[in-house]
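Quick heads-up: structures coming right below.
Two complexes are shown next, each including chain A; its partner changes from chain B in the first to chain C in the second.
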Partner chain A sequence: MSEEAKLSHTLVVSDLSAKQRMWGPRSTKNRESFFHDAAGPYASPSSLRTTSKTDTRSPSRQSNSGQRKPTTWLSFPLEFSFSTTMVGPTASLSNLSRADGSASFKCPTTGYKILGSVNAPVELPGRRDALKPEEATVEVFIKPGNTTAGVGERYAEGIIRTMLQKLILGRERGFPRRGVVITLAIVGGGAIARGDSYLTLLPSLLHTSLLALLSGAVPMSMTYSAALMAVSKSNVIVSNPTLVEAKAASSLHVLAFSSKGHLLLNESQGRFDFDTWKTVQQRAHALCRGVELPEVDGDIAMEAQGDSGTAEGFVRETVEDHLCRDYAWKINTE
Partner chain B sequence: MSKEAPLSIAEREFILEALRQDSRLDGRTPDQFRPLKISFGDEYGHVNLELGNTSIIVRISAEVTKPRDERPFDGLFNINLELSAMGSPAWENGRPNDVESYVTHVLDSVIRHSNALDTESLCILKGVSCWSIRADVHVVAYDGNLTDAACIAVMTGLQHFRRPDAVVRDGQVVVYGVEERVPVALNITHKPLSVTFFAFNESKNIIVDATLKEEQASEGELVIGINNGGEMCFMNKFSGATINAREIVTRTSVALEKVKDLNAQIDRAMQADLALRAKRGMAEESRAENDR
Partner chain C sequence: MASPLVLLPGDEVPSRHLPSNKSNPLKLGPGLRLLSQPSSTSQNAQSQHVLTATQAGIVTTDAKRNTVSLLSFPNRRYIPTVNDLIIAQIHHSSVDYFHCMVTPHTAHALLGQLSFEGASKKTRPMLRQGDLVYARVLSIGLGAGAEVELTCVNPATGKSEPGGLGPLNGGMVFDVSTGMAARLLRASSSSSEQNESIDGLVVLSELGKKLESLGGFEIAVGRNGKVWIDCSNAGESAVKATIAIGRCLQTVDEKGLGPADQKKFVTRILREMKLVS
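Right after this comes the complex of A and B.
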């Protein structure tokens, strides 16, 4: 399967036209047109580049610089709100003894703490009929902290499963006819009440499963990062909203971007128009990957990445830290 | 159904022979528990417990519900244990297995049926509203002796948990938020814990707190639920080789000693945490600045 064909499979977009789906640029020409498309004439690639250069490494300062340079955003129909004090998420890898891979992740704004484990490749006996002969079966199980699992969990499981199924290289040696079992336990934070949106939890769940998969060394075609965005009743976009803000919001969006800049997941709830969504998407992209543009050929420029301000940089740094600790014996002797 | 990887014959023989010579794989004495580590989460009733490599998270929660018709004075209390693939690859998500029903049975008998939590104190208004307390046990890593570890974790959680204050005013139930009134501790009548003994070599060697490997090599087990005062609330010999009656009597006194020791450890961890919380709470109150 070619890279492009694979990509179109990896996109899980519910209600957007094909044009918006394939925004991953393939040529310079496309790139220009995308920015005109998405951000209007106000944000040319060069102006976005400059913002990214002035950005410092902490997320709070990044958002401040967004405010300080209003020329880029001023004529937008929407205004942005930034939380002034932003504590980054915390995560650790391989903290469980029995699972193949595990990770814990704490989101500071929503207060959720998730513990994730991955067992892969693992035999799933008694389910011969459900197993696929040519690739691995991905199973996601969400265990709420102090309630029994219900419809909300099944819904989120479905979203995560469909997304991960496309990313995990289930045809690798040893994986076909076996299972990749991802278990996510919500060990901190409040319970999601009946009728409340499950989207607030989704980015944490996605990040935990990614970190757990990485810790379990499950082969994947790309990594990703996700962001939760809320649009309040007064049309203010709140990135990383708290639970209170999310509850009051008129629409909630969860977007996930691959390490190559492609839109992997778009889940939205509530009323919003397309322009709003486009701005939300851009904001989310900046949060996840910084405003740096993806390279023409979809390659990752390693130096430009790893920015600690972005969600993707956070994942990278967590894994790097862990590797440094794991290989301390080797690094220190060299 | 998946199974734990069985012990090899050599491993089994090694464990049994070592026990014949009065030593265990990790160098403990027969009546010694693995090191117990108890820590607490941010909210009340959130306990992280580690007993050797067995690791458990317990979360206690409370909500107001209607009491059962046949018991209008009683609140509800449930212990919920669901094993997931996180604890052991042999457990399948969403499919109950033998271990799960066995541990749930022991927890129910030792804690719930012995009335460790006074359910009558959970009543708010007779026949109309009461508290429903729920203990969720998440087994995060399994390395033997799940019952005792879960028992300790649930009892710690119950002692640590604080429920919001509720009063009845003019026939109306008012539940105060945690900020409005100091939340109240649950009414714990006694502190029972279970101690599981495993028997080896025709019941000549009996040990406590077996690891997974020792459990797999064992012939039979004996569970004793006992509280600090030496009152037995549960005793069961589910299966396996016979254990001499005199052994059972001596093991009961061993269990009592262990339970006293464990309860002391729980108390120490609790006091340390509550002191820390009080300090933090005071700091919060006495602060001049407020977040804007």
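Right after this comes the complex of A and C.
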């Protein structure tokens, strides 16, 4: 085996293992279908098979330029999908000057951009009798970018409202009998057509409303983070799927975890069995809170992620950045 | 305070960050609450209670007064607290009360018709819709949906204490963030002799120096994020000076300018508006 061939061989292998680490433990049996899912249109299973053959059985043939070509060509889409998963979401706080709290959030994989505002505590007009006398009422409004809100938006509003009602401390001073009004506008990304799944949008909406609530200093008992997971037809779990992957998936799951580890929200659709859901839940937990998963052979599947790689760490970093900028006058003088 | 401790809702305040002053009880500021820990593992009675944050903010402690509080985002909504000084706008008046607006989209606060200095049934101020008053929060009521009551007079002495409470005539109101309003109040309440910037604010003293030749200006800061500015001594350039001061305060608030930048910005604005050559 020539030195060059060995090099390119290790390159491919390291790529594979990095990929596998990202997506968790997987048997060699469904590796092929996994590639089909992850690399999408770039890699066909047949081309993969030929490379793996040259890799394992006759590595000396790799010095041949004609045979090496697919190797380098293959490493491109792998790296490409690798980098898209590594690009984190972007968010900014207090964008709107007239709202009490506001935040914008962009999800890199689904492409949705949400602008959220929070007004609290405010008087809800003409419904004093309908309000709970001892608690704040949480209202969520979702505004699609191009149409009026319909059934899908009402459905998502209901999910978010039920979840937030448990987290917002509605009995704090100034809040009972008042409203916490959260408005989420979808300002970027594809439109959700009627009948399409709303689950792809849900994590972005949840993160935006959390950041807006934090920026509006609405008292809450804890924070949370959410993740979108898809299970493809070949039973491969895809974390943070793109819209194409979500559309092709056999089941979609949105899970939200509180900062203390509770499972706050579980919305699933499609066909799946309980074992699949259990794995999805573990993977989502790792994605949100960065808990390491033991691999089959006792190795650590996830890289030892700090706070920064997780959804929860992202929220914390965004808030810390903004607070430190706002209080620069205080931090620098003391 | 090299690396500030930032807490999110649900985070516990580490006990090493609490002031170790045992002489008087620890006071909690806004954004913090005391929870009792359910775990039975700790035998120590002290550690059965934890302080947790309910908002996102920077932990600040005052060792002298033994307080711990959370500095939250400065653009949050103002929630009335007793003894706060606020600028309210009259919405309408009824037999006994003026109904005032303190923050948008909240219930009106009540200001008694007679709660002004030297007011009697015959000599009470006739305030119209839209007039401004500088008032103190007298009570916020108990329980849910209680009404906020304001006053422009100290009920014990019959004087408008602290000075300056009452109707605000002339001038103009500018909106700033509640955090900026609190900063301005702290800066103005401390002694004005020291030239040091208080809370990193030099914009007011700088404006005062530069506009002295025009006759100075009057300013009232409400905790609800309102600043009232009056330059009626400035004669012809009164309007320009008022706008200039308002712009300075709002820009310092929005952009978070440091002391050096504040001075530069004041000079630039005053030159742009041809107030100071």
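Here, the second predicted complex is superposed on the first by the 234 of 334 C-alpha atoms of A that agree within 3 Å, B and C clash if a C-alpha of one lies under 4 Å from a C-alpha of the other, contacts with A are read in each partner's own complex, and residues count from 1 in each chain.
Methods note: a contact is a pair of C-beta atoms (placed from the backbone, for glycine too) under 8 Å apart; a residue touches a chain by one contact, two chains touch by 3 or more.
Keep in mind that what you see is a predicted model, and the values were worked out from it rather than measured.
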- Message: On the A-aligned overlay, A:Gly145 touches which partner chain: chain B = first, chain C = second, or both, or neither?
- Response: first
- Partner touching more residues of chain A, chain B vs chain C, is chain C
- Query: After superposition on the shared chain, which partner residues are touched by A:Ala185: those of chain B (first), chain C (second), both, or neither?
  - Reply: first
- Message: With both complexes superposed on chain A, which partner does A:Val315 reach: first (chain B), second (chain C), both or neither?
- Response: second
- Query: Is A:Ser97 in contact with chain B, with chain C, with both, or with neither (first, second, both, neither)?
  - Reply: both
- Query: Which of the two partners, first being chain B and second being chain C, lies in contact with A:Asn119: first, second, both, or neither?
  - Reply: both
- Task: Would you sort A:Asp275 into first (chain B), second (chain C), both or neither based on which partner it touches?
- Result: neither
- Find the residues of chain A that appear in the contact set with chain B and again in the contact set with chain C. 97, 100, 119, 122-123
- Message: Can you tell me which positions in chain A touch chain C when the two form their complex?
- Response: 93-94, 97, 100-101, 119-123, 128, 133-134, 167, 169, 172-174, 176-178, 214-223, 258-260, 315-316, 319-320, 322-334
- Query: How about chain C: which of its residues touch chain A in the complex?
  - Reply: 1-2, 4, 6, 8-11, 31, 54-58, 60, 71-77, 79-80, 105-107, 140, 143-145, 179, 197, 199-201, 254, 256, 258
- Task: Within their complex, state which residues of chain A touch chain B.
- Result: 96-100, 102, 113, 115, 117, 119, 122-126, 139, 141, 143, 145-148, 181, 183, 185, 187-188, 191
- Note on the structure: Per the touch rule above, chain B residues touching chain A in the complex are 1-2, 41-43, 46, 53, 55, 57, 59-61, 80, 82, 84-89, 92-94, 134, 136, 138, 140-143
